[in-house]
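Please go over the structures that come below.
The same subunit A turns up in both complexes below, where it pairs with subunit B and then with subunit C.
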Partner chain A sequence: MSTPARPHRSIFEPPAIGQMSLATKIVLYSVLIGWSLFVLFPVYWLLITSFKEATAVNEGPFFIPWVDFQPSLHAWKELFVIDYADTLRAYFNSIIISLAATALSVLVGSMAAYALSRVEYAPNLITILFFVALLALVAVSVGVWGIDWRLAAAVGVALFFFLARAVGNLYQVRLQNGDILFWIISQRILAPIVVVVPIYMMFQSVRMLDTHLAIILTYTVVNMPIVVWLMYDFFNSIPRDLEESAQLDGATMIGIFREIVLPLSRAGLAATTLLVMILSWNEYLLALFLSTSRAQTMPILVAAMNAGERGILWWTMSVAIIVMIIPVVVLAVILQKYISKGLLVGAVKG
Partner chain B sequence: MPNQTEETRGTTKTISIRDLNKFYGSFHALKDFSIDVEAGEFLVLLGPSGCGKSTALRMIAGLESISSGTLQIGEQDATNVLPKYRDIAMVFQSYALYPHKTVAENIGFPLKVAKTPKAEMDAAVRAAAEQVELGELLDRLPGQLSGGQRQRVALARAIIRRPSVFLMDEPLSNLDAKLRGNMRAELKRMQSELGITTIYVTHDQIEAMTLAHRVAIMKDGELQQLATPKEVYSQPANLFVAGFMGSPPMNFLEGGVVNGEFGTEESRFALPGAPDTAHAVVGFRPEDCTLVAPGAGLVDARVYTVEMTGDLVLVTLELGGAHLVVKMDKDFEIDTDVTAGIAVQPDNLFLFDGNSGDRVDWTGPRS
Partner chain C sequence: MSRNSALNEWLDKNMGRIFLAPAVTLILIFSIFPLIASLILAFARVRFTGGGFKVRFAGWRNFDKQLFGSEQFHLLGTFTEISVPGWLFGLLATGGLVWWMVRYVRSRFTWFGFIGRLITFAMALGLSWMFAATLLSGNPFGTVGTTLFYVIVGCGIQFVIGTALAFACSQTIRGSTYFRVIFFVPMMITPIGVGYIFRMMADTTKGPFANVWQWVGLGEFAWAADPWAARVFIIVADSWQWIPFVFIMMLAAFESVPRDLGEAAEIDGASRWQSFWEITWPHVLPIAATVMLIRAIEAFKIVDLPNIMTSGGPGIATESVSLQAYYAWRALDLGQASAIAYILLFITVVICVSFFNLVVLARVRNQR
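Right after this comes the complex of A and B.
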């Protein structure tokens, strides 16, 4: 029974670097270094462009500062001294909006994902259809026929309960968690361009255009499906046994969440947060519609730089992009230590 | 029947299960399940995979809602009591160790949530770890342990709180055969020392026979028989139990009884006193029969295979498409494809009603 364990590895598992032959090592490192250069070069290009004068850009390509061209701070000055009010406003808008939208969507979305992964829902399809139909009816009767909204809402609610009770029980077509999840994800399948005009008009009618809140809410809703999707998978990968065992051992709901679920989902939360943060940070289309000046974000500012009468301002654009990259890199560095795999090893046998 | 000392009595509790039913949608997973477990008893739920053992156990734990029926733990009605108020410790099939906590933290978790003082908790963790021989591994993470060690951590976490009831769901099923044998013996000893009422789920009849005070055999969500291991073996309630217990399982011959004579298509033999039926099944265990010369036994059959297992020889014979197994001495030799007689003592024959599958008592009670 107890034959000594023979070290073995699967076909696709590479040997540790220390065990490689010299030739393999050289090939491996050259490929890795080559790829790194390939990936990092655009960043380098961006960096030096931000220090170039117009002539250095137009007569280039020049690659090495002080050798090829004389670096200058003029673009940085333009953004942070001359136009500092606009730049900093857009910068802080971006930070506030991204952070708030990320926090909101991760908070709400992961709670929804946890519920979907742990509670079995069985809503009746007929009841949902009634709800949607009556909602539409109320909207039409208020908007088109000019009926008092209180009356319409009251009649709608009454009708809903009546129909749900009377007819809902006759047709028992039950949805399941998978259906709910798909519905949530399907909200993201719809390209934002499709809904941008309705969203614009909606915020226009409540006079919230060009406010932070409008953009935050929109981003939250747009990112929610991604959070739910990712976190659902993640919570599902945490064995239920762990929570049930803790429950039997006397832990409270909050205790279980704090002691078991939260530590184990840290990696998923970190990855999701980072992804949603980046998506919000880079979002352009919705911001273009929803902000004009006060709530303008960085992507809008950058885009505006190639539309002026002075031609494309590569240098200031590079500066803006560099400062845009910084927060994302900082966040990634903070979060990357949580994004480690293999956290669940040992939870269950096998 | 349960082996109990005066001190442990009182901390441990009886469990009374009445007409428990479980429906998953329209699927009836547990049917009118009723058992009274004595205080300190080691009860084993035994049955094939998917028969509802885990469902029953989880309902007792409170992890699964009870569709109908009542559950009483000690004097208290627990039907609708939250799991954490049932004072139950459970060892999961998966062990359910917290992967981000060390062995010590895992074992101490029940005490931590009960807000036990640190010093007391450390002492208890140490004692529990000693009991399952895990003393040196307290600072490891579960991922760094072997299967057997993880199993011990799960066990230590269950015993540390001294609950009134233990529930175990196939705790040994993922260990290799040798380790399983050792752990089985240790479990049995631990349970009798602690004297805590235990319900243990397994699909392994050897585990059931060796561990249980009483075995509850289940099939398709229904309780088939509740009796001591000995009774289950020597007085199986029906064909299913007879065929499930013992390895290899009981041999069966299908036929009918006419005038005290049992007849199949191939052969007939006397079954004095057996009631006449058109459809009956006669059973006998491989260990209760021997091979004799053709015509000298109950039936004749053709030798199909001969297997040497080390301590004995298993001879499989073919009769009318059915296979019959006979356990012989380790020195026994026979060629395949020859015909041999199978001899069985009359009081080692079991008779079952061919329609209901229930055992028919025809020679009076057995020992």
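Right after this comes the complex of A and C.
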């Protein structure tokens, strides 16, 4: 693309197709088409594999249905007629969990982001450190000394409420909104593997392993930093005059948020929702820890197809992967026009 | 009535806190508390007794075993004598890092900045010597090396290809919309699915490219049994999935370059090549740094592709640190699992914060 500019073309626009030299055109299009093939071919192979009989898979590569091999629906039947209970349960689990987790994290996250972009906070670092120390003490007393967790938590909370002000007055180091924002966003650096073992033990001790609620809560927290990060920049980019005049009219913060701010940030919300939805829909490691059978999600079901005694049944596996893709495609098509607009705001301002 | 208005008044006064409270509470319960508990576990031995578990303090033993003891080969790699290229690389890296530190101390000095850079320095030094002693001396490296390989090589490839495709698509050409939609497709496929799809693709006897493999003479080649082939296949699958992310962000970045700047340059007689390097690229670079930071943060967590495609094999050649911690958990060794996870956390935080401070923020500082 290093062709020199022609002197008389309209310089305000990138070179349109007619203004490129033939060589540039050929290179550009062959790169784009080549990459499209690289992207689409695996998907095509997945699609035809789902219609193949075992012999059509095992006896070497066949590419074109009706010519190379006879397509059949047996894999689809196996998953949706014979094993329908397992498949549908995992499917509905996935739908419920990712919908609920997305809704929760977008709600909680955008509330926090809005508050951080409009209200000034000045928490005292010393109080926070005191709180963390108490938290560590509670963790040690429960884990190492074997004290009942309800008792430890109650004593911890009581201590905090009685001593917080006294400790805070000893020395004051005020944090700012930027610090809180950074703290929330930095949670994203945490690899799930670091926190998942204690989360597993926590849910085990309240007998909530293998329930929807446990996975929903975990996903909400894991994805909230993204929501806060994207929505904070979005809220900052919204003009504030409307809110200020509404405030003069006596509207409450919650009313302004619901009736003015949220409708204005539809693009940002759509892009964030799509991103968080994809992430929770595809999440694997946390679900692997937190679900065994009742709350099993689709990624776990698909991954477990590896373990059958007949080896990998590529055809049913392909069907499962395809039905996992469908909802994401539908969602992406619905939200399509917002995606790049909404995502960019976060990236540009970082 | 008066009670109600008192409540309303209280609500009004504290609305700011109420908005922030749910997020903070959730993070405290599901992120900070587990982080602390995990740290305790990392210094403990956990034994399961009927129905519950017993935690005993074990000091540095877990970390000692991982970093210097019987698991060292697994996490860091096998260390024997360092070869000549290893020495060369190690000394070169040491020299460069020392020069970088000296330059910082001489130019401007704050204790905060110095200690931060000291940590970066120590981490970079340790990792350079790890590579010098393993990869460059012909020894296998461990999960830390493998994870860094995925992050550095994988993100590098994704950045170059994603940016190139985004630049191509930002030109006004026919069919550009279709290409954008097509290029986005891999992001919609679940990583587990990507793992299985690429296992099919890479099958040398039944996969779609079987004939090509035969023709090249690799018909009997079992890529899953060769460490480097297996790693490369995982990188290919990872890149296939994540290039769309880089692509879509960089596309938005290229399209946000103000047109009038380009205009002015071309009126001054700049060639396209010049105007790209002097106007488009500097505008896009800060966004690129942020995008790659996000990508790298996620790349450090890689666990599903190696688990699905190779189960970490052959041997430990494709095992990531996350996967190693997962296997330790599956063997019910919670202390080791937490220690491994904390080592990963430490490496990730140091590298990402260093990158953020030295690359992303440095640009902001320089612009002021």
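Keep in mind that, in the parts below, the second predicted complex is superposed on the first by the 247 of 350 C-alpha atoms of A that agree within 3 Å, B and C clash if a C-alpha of one lies under 4 Å from a C-alpha of the other, contacts with A are read in each partner's own complex, and residues count from 1 in each chain.
Just so it is clear, a residue touches a chain if its C-beta (ideal position, glycine included) is under 8 Å from a C-beta of that chain, and two chains touch if they have at least 3 such contacts.
As the structure is a prediction and not an experimental result, all values here were calculated from the model.
Of the two partner chains placed by the overlay, only subunit B lies in contact with A:D241; subunit C stays clear of it. Once the two complexes are overlaid on the shared chain, A:N306 sits against subunit C while remaining clear of subunit B. Contact comparison for subunit A: of subunit B and subunit C, C touches the greater number of residues.
In the superposition on chain A, A:L286 makes contact with neither subunit B nor subunit C.
Residue contacts after overlaying the shared chain place A:M324 against subunit C, while subunit B stays out of touching range. Judged by the touch definition given at the top, the superposed model places A:A251 against subunit B, while subunit C stays out of reach.
When the shared chain is aligned, no partner comes close enough to touch A:V106: not subunit B, not subunit C. With the contact threshold set out at the top, residues 1, 252, 343-344, 347-348, 350 of subunit A are in contact with subunit B in one structure and with subunit C in the other.
Within the complex formed with subunit C, the subunit A residues making contact are 1-5, 11-17, 28-29, 31-32, 35-36, 38-43, 45-46, 49, 57-61, 63, 108-109, 111-112, 114-116, 118-119, 121, 132, 135-136, 139-140, 143-144, 180, 184, 187-199, 201-202, 217-218, 220-221, 224, 228, 252-254, 257, 278, 281-282, 284-285, 288-289, 298-299, 302-303, 306, 312, 314, 317, 321, 324-325, 328-329, 332, 339-341, 343-344, 347-348, 350. Per the touch definition, subunit B reaches subunit A in the complex via residues 61-63, 83-84, 86, 88-90, 92-100, 109-110, 113-114, 141-145, 147, 150-151, 157, 161, 174, 176-178. Residues of subunit C that touch subunit A in their complex: 11-12, 15-16, 19-20, 22-24, 26-38, 40-41, 44, 53, 55-57, 161, 164-165, 167-175, 179, 182-193, 196-201, 205-211, 240, 248-249, 251-253, 256, 259, 262-263, 266-267, 271-273, 286-287, 289-291, 297, 300-301, 303-304, 307-308, 322, 325-326, 329, 334, 337-338, 341-342, 344-345, 348-349, 352, 360. Note for the complex: subunit A touches subunit B at residues 1, 239, 241-242, 244-252, 255, 259-260, 263-264, 342-350.
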